[in-house]
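Structures are listed in the sections that come next.
Next come two complexes, and both contain chain A; in the first it sits with chain B, in the second with chain C.
Presenting the complex of A and B:
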């Protein structure tokens, strides 16, 4: 089953539903065997993009290549795609095994061969001993595995997953993330995964496509996306990023950004001090200490306990900040106390608003 | 404790309330007297013997069966595709179409009966059985739409898209996925339709004639002249017939599954 199949390429794909512009010129290249996550808030177009690749949404212009074939006018049943829905969409009247056999039967595979391949696929997804059960008799996680087996048994060119783990409880979801990822590696199938859960995207994808309002904001591997967001919106959306804006003022030592009348932060080395830019700094990079006289003070609004860290919400004359601190540090600054923030310019990035 | 006792008293009360008339009818059919008496006076099968000699009742029973089966086939044949069609996304005139096919359930059946009678007069129809069958189809299609429509709504979303992504064309998807998935609700609808048709008085009374007289109308016209225990005997036979039907369905499909919504997720 291990085969290097074709990749996926989209060129300037536009799609409107009446007045609503769901996709505004999407161009994207997914390499053979790559695992790409489409990440964005609801309504950003990520599901529409996935459905366009599957053939259930119809772009008005642009090209979609699976392998080297432009499939824009090819009906879904001829695209050789494996599709897993959030609702699993299992056939309720068929058993687990029959569900998996369905795609093989439509391809004219004889019954005996279909059964043995379906069995192999069910084993691959870690579901054995439930072959004769109907979907209603299976748990959510088991249904998920049947849906996955049904999608991969046909050896699709592209595997498309539409929030497949969203309906599972957290523990199972994390386990499935790991399994799904290693299964995808083993099969080497080009995979596009839609999610609104950035943790999931960071954990699984080779590259993440961040979408907003029908456009792609950034495409990057998870760590790079986390460290180097391409603009302020991505910085805020992915992870707990802080955006600080203010006038850029150049003094003797170089350019600074004035985030409050009595607080200037030096710009990172090499940053171009253009107007219309904002300073981005990750929450875990912000340190707190007791304020000095005349220094800009921040008020602690609230603590939010996240397990390993406490997220400290702060506000000051120039806006709000979130800092991630270990609990023993956060305990020094209870709500309503006043603090000063320490930000190292080396941890900052200047981003377009 | 007390609560559950109250519940069981109420439950038994309902059972008695529903069963008592049946018991009176069944008991009364075995009476020796010339009128329906309960408890029966003596024990006799003479009213059953008399019923066997009534060819007209037997003919009516056969007609009711034929009408019931034909009306069921017609209502299912029209109703299932209509339900599938109406469940598909908004299209122009969908609301009107839905209201139109559902209207017989809202209109008093008497009005539908009169309208059909007038219509058949106008076109000078001379197909007595067919007329009744069509009448029954008109009033039973809404029941199919209701049950099958509900079955379609309970299906997991996207199953047809899933089938298509797996390489199935529209016809294969319809035959292998959509129809089998809604089979339980189609079966429920079928049972409703047959019962409604077999038991139908209002429509049939307008459309029946000497050439086509379903059993309920035959019984009705008989008791206009005489209420003797033979009517109780016919009723007993019908009760037995319904009971056997239920037993067969139970054996074949399991009524719990059928009425318990076997399509749930």
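Presenting the complex of A and C:
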């Protein structure tokens, strides 16, 4: 099988379309065999970054190394990259087997060898018995598997996946996430995966690269990213985080942040009380209870049922909050009721806005 | 029971309404296409009479005459040859142009499309006369050849198969390009990127991806160009003269100068059958993929 041949490294990559900056100085190292997800809202540059590695987008400056070779001036067809698109982009006039053979044909592999390798790849992605079908005769999930087989059969140095699961329904998507991850492990191929679905990124990637506005905001393993966002924006974007801002006021017991005139939250231990910082607290860490006299009250705006939890939307004089509660707890505070929020300083982080 | 009959009545009324919407177009087709064809069809079984124009009868002589006379053979052969060569020429010229248009950015695309379509804005007769200006004995080409002493006397360029072919290729090229661009535009660009990332060069992609995918456009374009060419009248009449007759020009000649309406009518149906045969062939070849 494929063994990791090399990683990927980007050094200060800049790309402009006219006046629009798509990439503003991207530097990133992907280790051999690593699975990295590029996560960000649409327009953040994640797809442009992927296309730059594939050779279909052309950075004005910077270096892109595959293994130890700078590929910036190498045409896409010589980069030995496996590419999987959201639209699958299968050849509609060719059968599944012919689709998978295509990349071997261009490499001059003889027909018999190409067929046996293509069949092996189709088996690897769990698609046997369909090799004679055309794309139109296959379901979305099956087409996705053909696209994947077509990309890995050429034993690429890097596997690039551009939102490959976005068009599948949820159940199949979750199944494909697991399969794709274990396949990538088995092949050990260095993989870059673009997604706007953080759940997908958290579930699959060894490391997640959070992008915004052509820049990298944070690179971290999923758990660390979830627990320790590097700034307020990442905290809000990844998972249901709340950002509370206010003046820092130091009292006898130490620094607090005044999120409303009658509500101060003590800062976590060791946090440096700087202006321009905000308090980050995850939605599931917020508790609710009946308010006491003179306490800052929050109004329940709405409930959003998410299955295991109910997301309770709250607003108060200092902004809005989201709390994630079990249904039986949430039922105590119906919409339009007034509550007080309980936040343990230990669950908070002070982040740069 | 009552409810069922009401809904039945409503459905029938809706059906009648739907038919009424179609009535104008059906009436138009019936009056201006079907009836004239029937009249011509009837005419093709009459007998030609120099004195009385034609005599009402029911004979296959006109068809037998057309299909057993070497003159008509060569006429039909020349018409088919013209249709085939013009179709091939528009394909060879049109495909690179269509590929360029489909691959261009928005501005370049509209510019090229305007250029391709511009001939359609000029009257067919004017366009054909323009070729006479270029090809005639005192036309641009001959003036140049005489002026530079490359030729001692004018070279006869009009009144030949070549001049008819040239004129028809020019006139039908937009039909081919439009058919091809229409199909190329709808293709997923990612398919070509996928092919490139799999290591395919431009020729390999053209042969293994682009051409197979653009086949429906080639089929539609070829059908349009072929049928247009074999039934064209003005261009072969002006550029071919009497020496390069096609089925269409001879039909015109039969109806106007020699007044032999029955044979002219039989030729109309020979031409119709040729066109229907080509449409049938197109359906056989491209029907599955469409």
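Keep in mind that, in the parts below, the second predicted complex is superposed on the first by the 352 of 353 C-alpha atoms of A that agree within 3 Å, B and C clash if a C-alpha of one lies under 4 Å from a C-alpha of the other, contacts with A are read in each partner's own complex, and residues count from 1 in each chain.
Convention: a contact is a pair of C-beta atoms (placed from the backbone, for glycine too) under 8 Å apart; a residue touches a chain by one contact, two chains touch by 3 or more.
All figures in this text were calculated on a predicted structure; none of them were measured in a lab.
Trainee: After the match on chain A, would you call chain B and chain C a fit or a clash?
Mentor: clash
Trainee: Kindly classify A:305 by the partners it touches after superposition: chain B alone (first), chain C alone (second), both, or neither?
Mentor: neither
Trainee: On the A-aligned overlay, A:136 touches which partner chain: chain B = first, chain C = second, or both, or neither?
Mentor: A:136: touches chain B, not chain C.
Trainee: Between chain B (first) and chain C (second), which, if any, makes contact with A:107: first, second, both or neither?
Mentor: Both partners, chain B and chain C.
Trainee: One more residue to check, A:85. First (chain B), second (chain C), both or neither?
Mentor: Both partners, chain B and chain C.
Trainee: Would you mind listing the overlap between the chain B footprint and the chain C footprint on chain A?
Mentor: 54-56, 76-83, 85, 87, 89-93, 102-103, 106-107, 150, 154.
Trainee: Give every residue of chain C touching chain A within the complex, in rising order.
Mentor: The contact residues of chain C facing chain A are 188, 190-191, 193-201, 204, 208-209, 212-213.
Trainee: Note which residues of chain A are touching chain B in the complex, please.
Mentor: The contact residues of chain A facing chain B are 54-56, 75-83, 85, 87-94, 102-103, 106-107, 135-136, 150-151, 154.
Trainee: Using the touch rule from the top, collect the residues of chain A that touch chain C in their complex.
Mentor: Touch list, chain A to chain C: 54-56, 76-83, 85, 87, 89-93, 102-103, 105-107, 150, 154.
Trainee: Can you list the chain B residues touching chain A in their complex?
Mentor: Residue positions touching the partner: 155-159, 161-169, 172, 176-177, 180-181, 183, 263-265.
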